């Protein structure tokens, strides 16, 4: 087992890194980042908790089926791409909308962002699925 | 929306979507199975419609994301859509077969997703018009096949350690191939500034015409020979095949031997005759040489096998050599022959692998020396294997005969006498090893039941027999009446030799 | 019904019937054989319908479109030759199938038996009426395959399997050579159509003048010889005797083995009249005739004697078809054709008798048989008629055709002149002598002499009529054709000969010709034959000693050596080429890469290195690169996994540093992330793999590996130096488009990301599929324990 | 250019160079100091300070714009995690038997730890200090 | 002092700092030494990224720096635990 | 960056990776593969066609600030590539190769993960990491 | 519940910082999504335990004070080590000593441990199993007693004030 020092710092890191990963995901279209990078950040912080607290312990209260995560991600990404067909365009045709949000200001909604979110989930799901499967394996 | 316009992308994206859905549907196996069969069947239907569309109204181009050549384009010409029909057909049958053949747990967890992605990989490769995209789909093919090879089968005749070993070799060798493909693609981009194959074709031709084609383009072309040769398992890149194809579960062996190795041949046809047609003079002798060695090595090694699936695998090596022989000769007729050969081998070999699955199911072993006299206990498997064996051996009235005949005829007309001679000599080998296998398994003394345990008494379910019978019927029909296939192949050959319509279809309307 | 339809029906009726036999067997039980016989008779009758037209000199030709893309048609070419063999196939078919009803036990797998018999018959008829060479080949191979199936009818017996395999390899393999010959013929003439070739003297002239003439002829003859068990290919026929006796009678004496002879006759107009033709065809014939005649002696199994005899008799025909010379086109053709017909009658009859004997006496060993004349007198008479016909005793049909053989041999000897004037007739006589001797031996051994009661059952009866009548019918034909030769001559032999030599012929065959050379040769034959027969046992014993001492003087010895050797050495070969060590395989790829690089590099040696390489290298770049390479070397040389993995991830971090330097923030990000994750996966794995193995690299291996790695590195370097010279003018990169349009069209400022999710989002879809695949694959890997044998 | 910018410039440049110099010193310490533990002193203290200094330089120069904010984040994060990383490494090293250098005088940890935890996995030096790892 | 000079100086400093890291990674002598060295290397790269970001006036490299500092921490903790306990999770 | 030195480095790493791939220890082989994939990634980036000095992220301006040239590269007009307005200067490095490398990196991560787990399972089945012992499948 | 609010506020700031723009809207976003992110990990965060806002608020100035002391100490520490590094011949007497601590909570122990690491010449290696002592590596151990005292008197005080 690791020490309480590490555990304490890890506790601080968890929300920080997850927030950062979301930030990277959303910033991706205009800044470095995007689904893959955000997803890996997320996965790495979960893997950090696995390392620091032990996989068994974490599983006792936090045990999502990661396969569903990457399944969902792939579904979301491909559905986004399919969406264009429904609207009469070619597969993967992107669309951009600018929406005014009170308090925040104008934000840009791109279909590609939805796709990137799918990527995000795929990355998280696959990496953690692999980690969990191998980690559990005796 | 006009769904027909979207057929090319639907053929690729639907299986990807399905794969995702199958992961989400893990808890509902029956629904999974039914849905997957329905989807596979509709993919087959779609592919046939696409082929007819292409046949009737010319090459179809689909701009993914509507970015023209700056994005990725799918191009359905006769070759691509024809290959898609072939792969969709075989994969539908392999899938039906799998439902009874693959062990339940494996089937309900990962199998459907992996299988769908394999199909997506195949269709994607056959339809893409972008060389880097082809790399991506090659990777999909590679990893999906690896995942499927280690899937468990009912009865489990193959040791898991053998599967691992085979997969490891397969993976290592193919990763090297992938790396070289990346090197080649990147160098190509650095030299002519595009990834679209039609665009590449135009530019390389223009350079060649102007006499400013840099020499390393030739080396890049040769690198692609390694890339595609690796997929197709031609000498000396064939080593993984005799290990992987036998250890995979039989429906997957059928997919691998039936369709996957054809991806290599497809790649050569597509890339060489479209992009590197100016380097063909250099490539063709090399291809012929390698093809002949491949034919010989596969045939000789097949004679010495006692594992039925390993024998079939070596036979695939040898047979793909014949396909490459046609490609190497490069005349319209030879290409036709090569394509006819490819289709016939695909159907017959996948049928043989499916049959071998039934046989193994029945006998409980892959070792032919431990089988014998099974003609009485498994008459259907006996006749099915015989049909496949005869077709591979090139005996009439089966498809394989037409294929060999056309190929030899092409070799003769092209005055490739030495290749012809070698091809003929090993055709006799083929008869020998295929019939030897059949005799060992089905004739002779019935196996001593004390020593090895009895043959499985329960019959094979229709899920297993029906796909085999359908393929056998196809083999027979191709032997008796091959005209549509030959006509299609010769049209494909013409398209390959004159890529201008392809280029026009891709670039002509490319304005945004 | 028009003739074309009749022939089509004659061909395909047996096929159709064969398909329905398993179904009908449910109702007809063992009577299914009579149904099959009925089908055979229908085919016979259908040929009979078209016979008058052919006998009147008309050739029935008709084609329908089949596979136009490769120039394949389905066509019928029915001339006298086709008609004769068609009659034999269907006629003997009726007789044999009827006989089978008595011969085959009801416990046998009857549907399969009759199915194959009908399939064979259909194929045989299809072959003879084939209007083009492609079609001929298809049916030809079908006969090989059905023959294979019938030889192996008793599938459990090793001898059956051996015989079946041998026949298949030789006949079907030979067929492939024939196909090659046909393809060559097509190359020369541009046609597969038999009629087109035969009816165009210009084309035939062209063939004869063509450089491929000889090779084409040889290829086609290989097919013919293999099928007719001629030359070294004879070895399959004796082993084919493992088939049920009716099958031997039908396929391996009367019909299928005649296919080779048919082929020789069919291509006769194309190739005959040349020296090559005579030397090859007659040469094979004479050699085989003598060899097989001689070998027939030492056989003790009556079916084996008949088999060798068949080989020898077929060789007669071969020899005669080869005789045709410039001076005398068609010489020997009529004689050969007549002998073909006669042989079909008496040899089939003898086989049926052999079947009867085996059936009743439960043995085929001539040493155990004897004195059966009292127990089965009718069979004795039938057998004697057939055997005497084979021996060439007048007034039976065998006498007539053998007389013709002698005559033509003498003529041929004269035509060639020199020592051949005597040698050719002498060879013919020697063949006749052997034939005479073993024919007598056959009758003597089975029916005459004392009955060996210790080997034979007490009561031996005549067989049932279903077996006796077919044999008797054939014996009747033997006598009929001998006494009234004009019936076969005018109705069959003349049209057939016309079909072969492509001109009208009129033959006069009589029992008594006067004191011709042939008469004296016949006399010599009888006397010498009797002489040999009296020393029969001694000769056979000498042969056995000879074989025991020189086992290598035997084609079978080499066949077995080749087949067994092929299996053995193939295993060794596979072990050699596929040694299982993955390093070998990797070597192969790398070597191929280097060789493929060398080819264009040597061809265009002057351009290999780009002219303007930039050697203006900033110090820190050089330093970073040096460090990176050092880390890589550390990864390669550190022994402990963990140390090597750390070195590897160092390389990764430095790569990301380079990415930063190359202004690629996304890449740098991804690189560090991926690097760390791979390190974690490495750790996961090496945590489970204790590091016990330490490779000690031998010096030679080290040197070899370094050489190959350096070669690969050099290859990559040269390619890269060339590739990074920039885009060849006048082209520009696609990237301009992305730079210019990311913001306005895709609404993203990070162009790399826009390319990933938009311009080339399809790639990314594939990429995430790959990730999913890895996860699914890992699941399969982990959850697949303890499987397999 | 007004005074404030000049001061900003000077300050930020000072921080830059001081930071980089400290980083360099830290790495020099990594090179020169004996044993793992002493090297850790160098990297965690001087290295982290150097990095923090450079980040401060950015903040001073650019203010609390996105880059400044991120620079602060990076600096703080390093400050937060560097000691933990040092702790983890040194703990692992010690528990796995990486001895202190010759000059060391006292090792309370080694004694106590082994007294408390009889099952401790210490003292198989060969597993971690492997002569094969020498280049 | 213009920004270009700053970059050059920074590059020199960084390269000089990386050399000892690589030395430790290669020479060890123990695994923890190597782990420290990699961690230190990450710090150096973070600093480098800061400078680069400043010079290029682009915030992007700062993102990389943050990611790198986080991920380097994760990596170090993971390796340390592995070293200590012989398991990862 | 200087192309020559980069190319040499890439080639050297490629060669070292190749050397490692020829080793007998399965983990070493995989390390070799990873090295090669590093080399290949660098190679792809090095084939980028512009020598710009900025990361390909357009930082200035709003979404409608850039005009967006509509390229007319119709084959029928004999034009094979985007027409670059004369005097257009590319300040950015080539974004396309970066995107390609990203894809390649991710794919090689997936492959490496798979092959590593495979190595673990092989060790479990065969009890060794020596790939010469992986010779059950031969002949 | 109170903890949620607290975390929410903290994560609002964290979001602003990782996002690079400190603004009200960003803060609100972070504050809104933050708690959802740690919800699954509630086991780790003892979200149920009650706390008082005022106490937390009172600590803020002390924490700021602590950080300023810390920075100064780090600079001192760096200079100390830098001197050692730059010595022509390195002359040190390192060693590991046990340092008893008074802090009880996880945060407190962590803070003191990290502080020790970042201050001159010392580096925390481990916490004793009974959480009463830290094992500290000192680069120059000539006066172990003095080191113990300085930790106890100077650093620990601030830490206890700020975090316990």
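Letters A, B, C, D, E, F and G name the chains as they come in the text, with residue numbers starting at 1 for each one.
Simple rule for what comes next: a contact is a pair of C-beta atoms (placed from the backbone, for glycine too) under 8 Å apart; a residue touches a chain by one contact, two chains touch by 3 or more.
Please read all numbers here as calculations on a predicted model, not as lab measurements.
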Shared interface partners, meaning chains that touch subunit A and subunit B: C, F
Steps needed, at minimum, to go from subunit D to subunit E via contacts: 1
Selected interface, A-G versus A-C, where C-beta contact pairs are more numerous: A-C
Identity of the chain that, by mean CA position, is farthest from subunit D: C
Subunit F and subunit G, separation of their C-alpha mean positions in angstrom: 42
Rounded Å distance between subunit B and subunit F, as computed from the means of their C-alpha atoms: 28
Length of the line joining the C-alpha centres of subunit D and subunit F, rounded to whole Å: 33
Chain centre separation in whole Å, for subunit E relative to subunit A (CA means): 25
Residues of subunit C engaged with two or more neighbouring chains: 571, 574, 578, 582, 586, 590, 634, 638, 640, 643, 663, 665-666, 669-670, 673-674, 676-677, 680-681, 684-685, 688, 694, 716, 720, 723-724, 726-727, 731-735, 737-738, 741, 747, 749-750, 756, 758-765, 767, 769-774, 777-779, 781-782
Where subunit D touches two or more other chains, by residue: 26, 28, 40, 48, 50, 66-67, 70, 73, 77, 80-82, 84, 87-88, 90-91, 133, 135
Junction residues of subunit G - those touching two or more other chains: 18, 20, 113-114, 124, 126
List of subunit D residues in touch with subunit G within their complex: 22, 25-26, 28-29, 32-35, 37-38, 40-42, 44-46, 48-50, 52, 64, 66-67, 69-70, 72-73, 79-80, 82-84, 86-87, 90-91, 94, 100-101, 103-110, 112-113, 116-117
Of subunit A, residues touching subunit D in the complex: 2-3, 5-6, 9, 12-13, 16
Of all residues in subunit F, those that touch subunit B in their complex: 21, 26, 29, 33, 36-37, 40, 43-44, 47-49, 70-76, 80-81, 96-97, 100, 103-104, 107, 110-111, 114-115, 118-119, 121-122, 125-126, 131, 134, 136-137, 139
Residue ranges of subunit A in contact with subunit G within the complex: 3-5, 7-9, 11, 14-16, 18-20, 22-23, 27, 49, 53, 60-62, 64, 103-105
Parts of subunit C lying in touch with subunit F, wherever the complex brings them together: 571, 574-575, 578-583, 586-587, 590, 613-618, 621-622, 625, 628-629, 632-633, 635-636, 641, 644-645, 648, 651-652, 655, 658-659, 661-667, 670-671, 674, 677-678, 681-682, 684-686, 688-689, 691-695, 697, 705-706, 708-710, 712-714, 716-717, 720-721, 723-724, 726-727, 730-745, 747, 749-752, 755-756, 759-760, 763-764, 767, 770-771, 773-774, 777-778, 781-782
